[in-house]
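For reference, chains read A, B, C and D in written order, and residue numbers begin at 1 within each chain.
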Amino acid sequence: MSDHHGPESDHHPHVLPMTMYIAVGTALFVLTALTVWTAKFMPEMIFHFTKMQVTPTIAIIIALIIAFTKAALVCGFFMHLHYDKPLNRATFLSGIFFLSLFFLFTLADTLTRDDKVYLREGMPESFKTLTEIPHKPHMVKAMAGYCHHGVKTDDKVHPCHYCTTGHEDFKESDTTVEATPEAKAAE
Amino acid sequence: MSTTTQNDVNFYQAKKGIMSWVYTIDHKRIGIMYLIASSLALFAGGAFALMIRAQLATPGGMLPMTPEYKDTYNMWFTLHGVIMVFLFIIPAIPAALGNFILPLMVGAKDVAFPKMNLASFYLYVIGAAIALYGIVGGESPLTTGWTFYLPYSKETAGAVITMTFAAFVLGFSSIFTGINFIVTIHKLRAPGMSWYKMPLLLWALYATSILQVLATPVLGITLLLLIAERTLQVGIFDPALGGDPVLFQHFFWFYSHPAVYIMILPGMGIISEVISCFSRKVIFGYKAIANSSIAIAVISFLVWGHHMFLSGQSVYAGLVFSFLTFLVAIPSAIKVFNWVATLHRGSITFETPMCYALSFLFLFTIGGLTGLPLATLSTDIVLHDTYYVVAHFHYVMFGGTVIAFFSGLHFYWPKMVGKMYNETVGKIACIIVFIGFNVTFFSQFFLGYTGMPRRYFTYDSSNELWSQMHGFSSIGAFILGFGVLILFANLIASLFSDRKAPNNPWGATTMDWETQSPPVLENFSEDVPVMKKAPYEYE
Amino acid sequence: MKLDNIFRYSEAASAHAKEVDSVGSLINWLSVVFFVLIIGLMLYFMIRYRRRSENEKTPHISHNLILEIAWSVIPLAIILVFFVRGYKTFINVMQPAPYAQSEDIYVTGSMWKWDFEYTNGGAVSSQDSVKLSPLKIAKAQRKALQKKSTPEQGDDQKIVALDKRITELESDPKFNNLSYFSKNQDLFSKDGKSILSPKVLTVPINTPIRLVVTSKDVLHSFAIPAMRVKRDAVPGQKREFMFTPIKEGVYYYTCNEMCGTDHAFMVGWMNVVSKEEYAKFKESIKPKEGGTPAEIGERLWERNCKSCHAIDPKAPKGIGPNWWNLWGSERTFTDGTKAIADHQYLSDSINDPAKQIVPGYAVPMPAQGLNEVQIKNLIEFIKTLSDKPSEEKSEEAAK
Amino acid sequence: MSSKVDTNKFIPRFVSHHFSNADQEFESCKLGMWLFLLTEFMLFGGIFVAYVVFRTWYPETFESGAEKLDWKMGAVNTVILITSSVTMAVAIREVQLNRKGRALALLLFTVLCGMGFLVVKYFEYNHKFELGIFPGDFFSFMGDHMSNEHLYFSIYFMATATHVLHVILGLLAILWVSWRTAKGEFYEAYYTPVEMVGLYWHLVDLIWIFLFPLLYLTK
């Protein structure tokens, strides 16, 4: 084929300085540490000093802000969007745009759903049981013979790492230990 | 065109043998293969359509009313939908005609990623094979409708996993085509072709590709979640496990509403080309048509909820979606007005492609206007999920897209195969299709108005209007099927005729007509083809 | 035909139907105007500007800004009117104000029937529905007369009279909307028994009716075209809508969301009656309270089980097993195992009907959603259905 | 610049027939890759939408579910993925500078990190399965939990399994470009596949950046 082009019509790479990679990498590690700290340790500290609770909403907003910052760093520098053609940047941003439309309009429905139909006298019991399934999550306590982390209390193979002093919670709350077949067999 | 050299051998003769087709990365050959495959899908889907109409011709139907045959009808309309949507309408114009024409139109030697183009075709074939397995592979019939609504698609015994997986694979085929077209239009335009000098079909294909790239992945994850729902019982969409079946509809329509525009936009592009060409006149309001394609692409992402006004969606979301739905009507209307204005003071001839284009204007106008009562919230209460909806979207999908596909097929046929078809037979077929179509679907508006629900395999025999209209509709369907058969017979007969097509039989001005018919292997004889004059510059 | 009736939907019988229909007419008339305009111009241009010679020149008209703005803005203004006209009615129907006084009826869809429960705890059974359909009764009577093995004198006249009544009822405008199924019962039956038992929804006239819909299994959609209402029944969730019937009569309702094999049969009819009649009707379906467990169980049977399970020793074979002499008998199942019909077996087979099936009863019983007390009462009732004294039987079962 | 290329060391490469020059080819590939990444955003977007919808509906369930995950393992995996992302980015830089050996070493180190991620994920999954934490209806956890916590774990398993699938595909792609790097096919004028695989690998990292706080941290 006549029109192949040799290396003389070459592409010239845009080489970025090493310091940039190091700086961005460091920033990403620091932000990871920060997001862990804000989620796991900061609420306790704030509570200790100010007696204020960090609500889940605030926690998730903080986490998302950090996540978006990290994402911006990765996209901008590692994926070279900061230096790239506007077209590629537009491609990326259009993804964000249409994704946010997806979020926005789906939530516009799910957050304003009118299935909390005004309840009145006379709703039949059967109808009530049919329609209250999804919206009422409730706590299910641990089964007999299991600690609240879900590990069998007499399991020698997989001891529970979280109940540090033995299955402490289990001993406090559960009284049906005799009822389990294993316990009976042991006696 | 230079004198005959090695370069002027057309792409059919440049390489020989079956393997040269199997391994080809030539966009023209891939386009031809797509055309054959999707036409086969059209016939399969059409066969199901005729069976549906045969069943509904009388209230009692042709199937015995015993439990084992009720699912047969449900399977027919499901497969009609699945085959027509995923195997025919979505790939027909972009992947078959678009693949052939787009690189010629931009003046490129091929699409940007020829191997990916071939992969797209093979994914299509694999998807079609999986779908075929789902139909004849011994699983119980799929009866969910092409929408796969949960929880029914979770509880039914049908071949849901097979079919959804087929649609998943076909989705990737569609994505690959979309990526290819966007990059080709961005990077491989001929020197001299600026954005506003592109033919309008390119704008339409560009807008289509945006939709394919952005919307299809959501279908992918939706179908994956549906498969997970059936195999792992994940419960995200299952109310019995705390999930929400309406969320599935959001997921599904986030793809499937833009998909409606994936179907219609390329058709609109073809109509722009054809009307301008056969009116011998510059297209009226070029920028308006071009920009409205992009506007449709963007707004179509905001309106999916109008399929769900009554589906348990919040009424407030319904308000928002109704409002936005009205907005998307405007760009479509602008296009229609521009096409009609193009006819004004033209020099109009009525070759077969133009006949189809004019039928398109007629049918698409009806299709568009009958969409308004569905977008209006209060009237949608009456019409939702009735035959009115069926009639409306067939006016848009068949009267719009498929008629535009026929128009494009006749328009580009000389370029694709190098032979002219019989003009008279083509026109007769067009008239039969037009009449058959209107008889079939206009009667369904009356059914919908009087409350006949969709997807019923029988109906009230005491309602005379219903019996009459269903009867009309069934007769029309067979007329329509007959017309389509003549159409394809005419085209296939042309292959064996000796009417060689000139390079530019219609006197069109876009770059694709500058090559020979059929084109040479690398499309243009020149090394770097240059756009010489703007499109639609007829004198 | 009156001009404004060209675009009417099915018969309008609710308060908001007029508004809906007028919006529909408005849209359709404007659509006609636009259609005539567009297609008229198209046809005119086609004829006026057809090519007359090969060398025709066309003018270079690339665009006309004012024209283009006009045909973008005018349609936009028009369709915004549609939006405003449309949404008010929609909100009123789909989300009635919580303080609105209304008669509430709870609608449950399941494959493939609709159930209606009223605020006084009453529910309609299929049997009641049959009674509510004069046409059905007349047809059933005629059939019974024709099938008689020993015809009596005067039967012929009776049949003629019934035929006349049937024709009358069929041509009655009130019954024009009746579904196919009421008239073609025979087509929809299996082994001589109707597999469908559409229930009649009875509502009072001129009263706001609030229907709260849900579903037991998959998505359904409850629609009454004449009332201009429709809404999906989402399993596990409640949806409501409100309408005020303004015309007495019988109107059909349908399921509009694909829900499986018998989707097309998920239809029935709604009876709009006067307020007095409705009060009487509501009183008649009010569940009786108190009584012995067996009496409560009998009422449960009437409501939930009667359509499939007979309690009469002479009754023909039904969809489900006959309950006469069931208690304490030995049951053989399709997998060959056997069991004594004691309390455990009965409550098991009510809770999980598909687990053990007696040969000859192919259709598994749908889940009934009865609680333990109800099951106990039902079993007490089953115990009384025996030709032996009840004490003896229960002793046997105890052994 | 091309004069600097040692042609003994690198295999010269020609531009495909339908492109007019190497820049056009590179930019086309890059645009194509970005469009592909766009589809990946939308794909994961679906799962995130499901997450947000159910989180707003059942906040307690999600808090209870998040407590059952081991945030330390998640944090370790985040660090691993970020490290691999850095090495991948630097590997592309080395290819651009014609340093074949260093590029290869960095690519292989990236593969190692990816495998480390999979190993940690394996232990996490294994622990969940031992406790009976499965998606959806198979959820058979015996300890304290919310009544519909299987939904949280459905989303957790769907999201992480899809992500793990992407990690595996990414690793295969990196191995492929490592092999071609070793053969000397890439140099400053032609390194498109490395760049593309790099973009893909960063996407994998990008998605984990969101999955980690949303699934593990926010209770």
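FYI, a contact is a pair of C-beta atoms (placed from the backbone, for glycine too) under 8 Å apart; a residue touches a chain by one contact, two chains touch by 3 or more.
These numbers come from a predicted model, not from an experiment.
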Nearest to the mean of all protein Cα atoms is the Cα centre of chain B
When the C-alpha atoms of chain B and chain C are each averaged to a single point, how far apart are the two points in Å?
37
Compute the distance, rounded to whole Å, between the mean C-alpha positions of chain A and chain B.
40
Rounded to the nearest whole Å, what is the centre-to-centre distance of chain C and chain D, using the mean of the C-alpha atoms as each centre?
52
For chain C, residues that touch 2 or more chains besides their own:
94-95, 234-237, 239
Can you list the residues of chain B that touch 2 or more other chains?
186, 214, 218, 239-240, 242-244, 246-247, 250, 312, 315
Residue numbers in chain A touching two or more further chains are 3, 87, 94-95, 98, 102, 106, 110-111, 113-115, 133-134, 137
Checked against the stated definition, the touching pairs are A-B, A-C, A-D, B-C, B-D
Using the touch rule from the top, collect the residues of chain A that touch chain D in their complex.
1, 3-13, 15-16, 18, 21, 24-25, 28-29, 32, 35-36, 39-40, 56, 59-60, 63-64, 66-67, 70-71, 74-75, 77-79, 84-85, 87-88, 91-92, 94-96, 98-99, 102-103, 106-107, 110-111, 134-143, 145-152, 158
Mind pulling up the chain A residues that touch chain B in the complex?
2-3, 87, 94-95, 98, 101-102, 105-106, 108-115, 133-134, 137
List of chain B residues in touch with chain D within their complex
108-114, 116, 175, 178-180, 182-183, 186-188, 213-218, 220-222, 224-225, 228-229, 232-236, 241-244, 247, 250-251, 522, 528
Interface with chain A, chain B side, in the complex: residues 186, 214, 218, 239-240, 242-244, 246-247, 250, 254, 301-302, 304-305, 308, 312-317, 320-321, 527
State the interface residues of chain D toward chain B in the complex, per the touch definition above.
16-20, 24, 27-29, 31-32, 35-36, 38-47, 49-50, 53-54, 58, 134-138, 147-148, 150-151, 154-155, 157-158, 162
